[in-house]
């Protein structure tokens, strides 16, 4: 954990999985065959603030739905990769595109498809209810469950460390 | 807490944030890009009763959705301010419009966009799962989470103190 | 509690409130202004079984929605009274219509609009998360919350006492 | 429990009930009369992996909805029996169709309509919040509730025992 805190200093990019991290890991099944997800407004607040403060926020998810795009674009997140079969490939593309090093990236995932990327990213983090295998390789396990504030937890810690959390801007959406 | 109870005597206006106070802070993402919220029927009962008994109930939210307007108007709440970027400004407008003093107002919020208003309102209250910064400045922290009875909690306490809680009217919606 | 068990012997009618008893007391707000409710399949199983075994199952709710009617009729419940402003009046009508005595009726409610009826019914029961005033007048408080098996709890107890719970019929919906 | 682990060796078929096992046992009631269910993405991951590894995954449910078919087919599950009044009959048909023996089958159910089949299947398993009668006849009671990872729990245990859980394939959906 000490290690984890020290590493937050160089972070300028947050990468999140969607299901089980930005959502509670459940999908509501409509009769039209859509999967509706629930996301936290407190997480959303933190993500849009991070963008406003100049951090890069990236989403890499195996799932894909119109509602996910709309939510994420609504928070001013531009790097949205949905329907991704292999996350490691996209992770490397993002790094190259923006000239990033692994140690500038914190990745939060919750299940086995996140495993390989999490071994690469500078900091590996996960929600309290992540899969066992993911907890084992995480340097930080949030006390919040997926969809219930785990994304905000790591953003808040990082921005506080960088003295960018609470100030005038923070009061307006 | 003692302070809080004493202050309830002069309250005639309840102001609530929506997400995380009247809802559980989650939004369900539809494919059309709508955000659907869940609210408590027990909270709704208390709000319509407060209106019926002559209290002013006001909603100030950064969010905005047709479903929110319909729910709130259905409870006979007239002062509904949605899509508000800066809550303090609307708070001052409401005060002026109705000739209210700060000490007549209880404000319940849960996150940083509520911070400035809560420093002004006569009584600052929040749900059990509010953000840390909000809990720090709240005179009353409900034992109920957002969307799970926290609004009813403060309405019930206030109306009981004023001897307006349970009586003949109360049995009908 | 002893009293409660003894009284179950003469019960042939179950009356349930909907919001907070057959649902978890939350409504999902759609953009069209509908309120969507969640109900338990385990409760549904018990209610259709009670009907099949010859018990009368009655719903009296202040709320009203197409989805509620469809769910209840789908369980073969015929006595569905929705949008009821005063529950006591409907309670008396049901009694007269079927020639029932108070002691043949168990009523499960969770909030103040149920108060007056619960003082009349033979047995007053409520979910674990009912309002304080309702718990005070309940002879039985289920250990299950609203929408989470409280209706099944009292049906199961009654049918077991009457030796009508588990048998051949029970395996098929 | 010892018995249970020993028996997993010969399992090649998983049969699941839907409501209360693959879902949390709640249905959201729409105004059109549809019942929407919530299912876990972590359960879904495990089910598609089991199919990919050559296991048979079968669903037998008394309920029936378009959204259920679409979800299950989307996970490459082919044996989907919905709207089944008597589960034992379908269980026997599945056995005959694929030439299966009882001891090759693990069945996870949560309520009385699952009772008879669970007495026949090689291993009877249930979620933590199953009905009392079902817990009594289950050889394995998951520590996860319905819709919250109980299906994954038994798939994961079985595939781990067979050395088919985590490997190259596992990282891609």
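A, B, C and D are the chain letters, set down in written order, and residue numbers restart from 1 in every chain.
The rule is simple: a contact is a pair of C-beta atoms (placed from the backbone, for glycine too) under 8 Å apart; a residue touches a chain by one contact, two chains touch by 3 or more.
All values reported here derive from a predicted model rather than from experimental measurement.
Keeping to the contact definition above, tell me which chains border both chain A and chain C.
Correct list: B, D.
List the interface residue numbers of chain A and of chain B, divide the shared ones by all numbers used, and answer same when the ratio is over half, different when under half.
Shared-number fraction below one half, so different.
Farthest from chain C in C-alpha centre terms, which chain would that be?
A
Indicate the whole-number Å distance between the mean C-alpha point of chain B and the mean C-alpha point of chain D.
43
Can you work out the whole-Å distance between the CA centroids of chain A and chain D?
31
Which residue numbers or ranges of chain C touch two or more of the other chains?
Chain C, residues with two or more chain partners: 28, 32.
Touch graph across the chains, line, ring, star, complete or other?
Its topology is that of a ring.
Touching pairs of chains, which are they?
A-B, A-D, B-C, C-D
With touch defined as at the start, can you tell me which chain B residues reach chain C in the complex?
24, 28, 32, 34, 36-42, 44-45, 65-68, 70-71, 74, 147, 166, 170-173
For the complex, which residues does chain B have touching chain A?
19-20, 25-33, 35, 62-63, 85-88, 110-113, 115-116, 131, 133
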